[in-house]
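Per-chain numbering from 1; labels A, B, C and D assigned in written order.
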Amino acid sequence: MDLDFDKPIKDIENKIAELKTLNLKSKVNFASEIKVLEKRCQEQIRSIYSNLTPWQVVQIARHPKRPVLQDYISLIFNSFIELHGDRIYADDQALIGGLATLDKHRVMLIGHNKGKNTKENIERNFGMAKPEGYRKALRLMKMAEKFRIPVLMFIDTQGAYPGMEAEKRGQAEAIAHNLTDMAQLEVPLIALVTGEGGSGGAIGIGAGDVILMLSFSIYSVISPEGCASILWRNAKFAPEAAEALKLTAPSLLKMGILNEIVEEPIGGAHRNHEETARNIKMSLIRHLDTLNQIPLKKLLKQRFEMYARMGKP
Amino acid sequence: MDLDFDKPIKDIENKIAELKTLNLKSKVNFASEIKVLEKRCQEQIRSIYSNLTPWQVVQIARHPKRPVLQDYISLIFNSFIELHGDRIYADDQALIGGLATLDKHRVMLIGHNKGKNTKENIERNFGMAKPEGYRKALRLMKMAEKFRIPVLMFIDTQGAYPGMEAEKRGQAEAIAHNLTDMAQLEVPLIALVTGEGGSGGAIGIGAGDVILMLSFSIYSVISPEGCASILWRNAKFAPEAAEALKLTAPSLLKMGILNEIVEEPIGGAHRNHEETARNIKMSLIRHLDTLNQIPLKKLLKQRFEMYARMGKP
Amino acid sequence: MAWLKKTDVKSKIPGNLKLNIWTRCPACQAHIYKQEWEKNLKVCPKCNYHGGITCTERLDLLIDPGSFEELYPDITPRDTLNFKDEKGSYENKIKETISKTGLNEAVITGYGKINNRKVALAIMDFRFLGGSLGSGTGEKIFQTAMAAVEHHLPYIIVSASGGARMQEGMLSLMQMAKTCTGIAQLKKKNLPYLSVLTDPTSGGVSASYAMMGDVNIAEPGALIAFAGRRVIEQTIRQKLPDNFQTAEYLLEQGFIDIIVNRKNMKDLIGKILDFNQRK
Amino acid sequence: MAWLKKTDVKSKIPGNLKLNIWTRCPACQAHIYKQEWEKNLKVCPKCNYHGGITCTERLDLLIDPGSFEELYPDITPRDTLNFKDEKGSYENKIKETISKTGLNEAVITGYGKINNRKVALAIMDFRFLGGSLGSGTGEKIFQTAMAAVEHHLPYIIVSASGGARMQEGMLSLMQMAKTCTGIAQLKKKNLPYLSVLTDPTSGGVSASYAMMGDVNIAEPGALIAFAGRRVIEQTIRQKLPDNFQTAEYLLEQGFIDIIVNRKNMKDLIGKILDFNQRK
């Protein structure tokens, strides 16, 4: 999938590729022309990506080449032992978790598990978790509490799965239960929105001590399409809704929803997984170092106050 | 269903009924004959019911006229507010619970819910609970803990339901979870076996501070039929297995499994629901009065020691 | 998570009736004397349909007369996002709603007495922007939980809500975490929390405090849902059972403790609270 | 809750092979050098079938050499019920089993070291009356939990059991409550408890301590069940899925955290224990 606003960038990239091919085939050397074009390309990227509309950010947050949880697991963490199951009903592969090491830190890592292709996405229900996913997450959080290790929550979901079976098995109860128990969980909780932060499905593993977002991720109470189809009576007004909902990281930082934005490389995470992962890693380590120093009582008090402040008139 | 060893009793009862009919039809008065027969009938009952084999006790414990939970609810308790659901998957009508008043005591009542006829039994799965039943029971126990009210557990089940769906949804986990959490539950727990105490399905709501049994109830690690078909390789040796398993209340009292036997009326609970209920009520009140006086720490210590002693070499 | 439209909440008067003394049950279509409808607490005498009522009507049903002490009456919605849709600004919508309903937010909160026992309570009102969970709503529900904790009182929340309030964006979503933070405090202090779910209770409200009662009580027939019926039908491309997402369905599925008729609600709540022996 | 027969636990030697150097995999029927079978920890090199091993073999696989300190070695079963069946008395059966296996109970317990970290452990042995949960078994598992609590150690139980021990009647059933009382103490003290479920783990063992690990670890293909397959088939009168009650099935159903090959078990347990940061 190519983004339409990426077209000027693509055009230059194609030209560079052309010249590189010519370089190989002919005797003429286009090295300097390529250099010029590469510079222009970088400028083009910078110019486009520093003036994105919210709707364009939505496209980036949903980009199929954007890194998913499994990319981050291999790029950020030294080791990962996946733990399965909610001990009640099933193991939900849309939301996974396990014991992970990050530098010198040992953590419980939980995250929405989008796939990298159609087959994976079908197996993982496109990262849309069912109640059993949220219940597994809570079980693992309580294990983290027992082991006194922090919990990292990687958020990337359109939303909690809105299927009949999920509804029947208590999607609402599962999310509510998580929110209630997370309020008192006796270890640091760090939430990071890496792609789509879709409503209840996101906050079900999102009520942390620290809330971070990648710079081109989104976090919203409702999808722009959903909002448009209700308030504009037509989903095609999604761009307007995206604008109105203030769902980008900078807007949310300003509103006090976020603690911090984790910068993506110029041109977005999909252009450079490694650099994205490095930025995340640095941010997580910094926050872990800080949170681990805070005495438990103070940590819980801070968390309480953080949510008490949310939207306070 | 008539019990075969009840035949001599039935015979006298039939004769009495005959004479009573004659009394109405004819001029001759058989009052004195009836009196004699009634006395003989009582003696017969006493003689038969004081020399029952374990297998005969099994028959009585399973008698279709034996009172079931709904009888006890109306005969023993002043009020009952049924509370539904495990907040996870379903409301299991094979194992129900709710807030009940018993004289001046407020309690959480939980019990296997056998039906009084085929229709009820199908709705209630013959009192064989699924994981959602045990999970509801645990939820209600935790509510009782919050409200600081004792938990009464009426046990009457062939066993936990051995169906595919129950297995799939974690029958083993549900029972194990209950046993583990009951060990630390911060309110008094009274278990009473009223009919069949069938193995894991019974103990799943049975690990109390006090364990009581009605005098003709049974409590066993396996059904006599099941035991016979494994160890005798034929279910028809169930009477032998019943003997060997020591599943009657007096045997279990001797072995230190029980705290006390609640006496049934002569001839068994099925002959007199009201008297059975009265005896249970008196016993429960006495135990509630005692247990409510015990400080929490001591209660938990006593419970711990009671189970630590079970089968200690 | 957006609120649901609920067009059938107001009773429609049959057109052929000149005098304004009849109403029609939205469920069974029976014609009912308006007076009887009111006297019967807006419950259909024919089919037991429980119609929507205002938060003040609910208050009268639940607590001892004259016992209400309101808390935080002045909290109103704020248009932090400067939200505008096709039909205009959220700010104007707030103003209109306030003047139309006489309410300042989608919930009223305070202390009251149930059979002479003091409780903290929050009662939502569907008329106020579909009972949606805005920042003001969340703040009132949260602060009242804190008041209950401070004064050691049981807390009762009566929900009637389509879900989150889109016009407040993420501030609205965060109210789910905020209100659950309040519920967690009650839980920690072992204070009873009863949740009453009325028609409708959905989206971000069902997925936060409404589902977390020690006892979840519902009115007959109430719609209780996470996702909207249409969204689910689009997702699974098949028809849903008729009673799907009704109180009765949720009881069977294990999420509702007890369904009770409106007229017996106070009595039931009083009885349940009597069971709490924790000092 | 009675123990299951497990006839295929011992490897059968093909009759046409004169020399006793071959064995046959009970799962895929492949012929394997006995030496290879032993060297491969009784795991089939062809199909990864995990054969039954003794508690001492398991001990060698799990803990640092020479680190085992046995606890309660003298506890043996007692025939409290004076139980007799068709084939004779339980008392005789105990004697025979003890002399045949060289074990005193269906579990050995003690302290050991995993990568130099001290742990409490209990390892069941299916050869001893089908690994059934008798009073002695329960006592050892319970007391070792108490030892772990006293010395602040993680607890690891490796289960291999057909379930309750019928010949001890209700005393056996009560071991479910007794062992869970021990697990509850560990839980209260926040001590890690890892449960390893091997083939088979069923009945009263699966419905007590075996299912309650902070992490439930299983060997590939292990039968893990509450009710026996035949009982279920009789109840529902239909065939069950092929992988029903296997470790893989239970992982999908949410009850097993992780399935690991025998040779990696120690490493995995060590790594999980490394995560516990509670002092």
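In this section, contacts are C-beta pairs under 8 Å (C-beta built on N, C-alpha and C of every residue); 3 or more make two chains touch, one makes a residue touch a chain.
Model, not experiment: these values are computed from the prediction.
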So which one's got more C-beta contacts, A-D or B-D? B-D
Of the other chains, whose C-alpha centre is the longest way from the centre of subunit B? A
Between subunit A and subunit D, the Cα-mean centres are separated in Å by 42
Just the number, please: Cα centre separation of subunit A and subunit C in whole Å. 33
Whole-Å distance, subunit C centre to subunit D centre, using C-alpha means? 52
Listed in rising order, subunit B residues that touch 2 or more other chains are 87-89, 169-170, 173
Where in subunit D do residues touch at least two different other chains? 253-255
State which pairs of chains touch, listing all of them. A-B, A-C, A-D, B-C, B-D
Quick check on the complex: what are the subunit D residues that touch subunit B? 1-2, 75-76, 78, 80-81, 83-87, 134-136, 138-139, 142, 164-166, 168-178, 180-181, 183-185, 187-188, 203-204, 206-212, 224-228, 231-232, 235-236, 238, 240, 244-245, 253-255
Given the complex, residues on subunit B that touch subunit D span 160-164, 166-173, 175-177, 179-184, 199-200, 202-204, 206-207, 219-222, 226-227, 230-233, 237, 240-241, 244-247, 252, 255, 257, 303-304, 307-308, 310-313
In their shared complex, at which residues does subunit D touch subunit A? 190, 192, 214-215, 251-258, 268, 271-272, 274-278
Which residues of subunit A touch subunit D once you look at their complex with the stated criterion? 79, 81-91, 99, 106, 132, 136, 143, 146-149
Going by the contact rule set out above, which residues of subunit B touch subunit A in the complex? 87-89, 131, 135, 169-170, 173
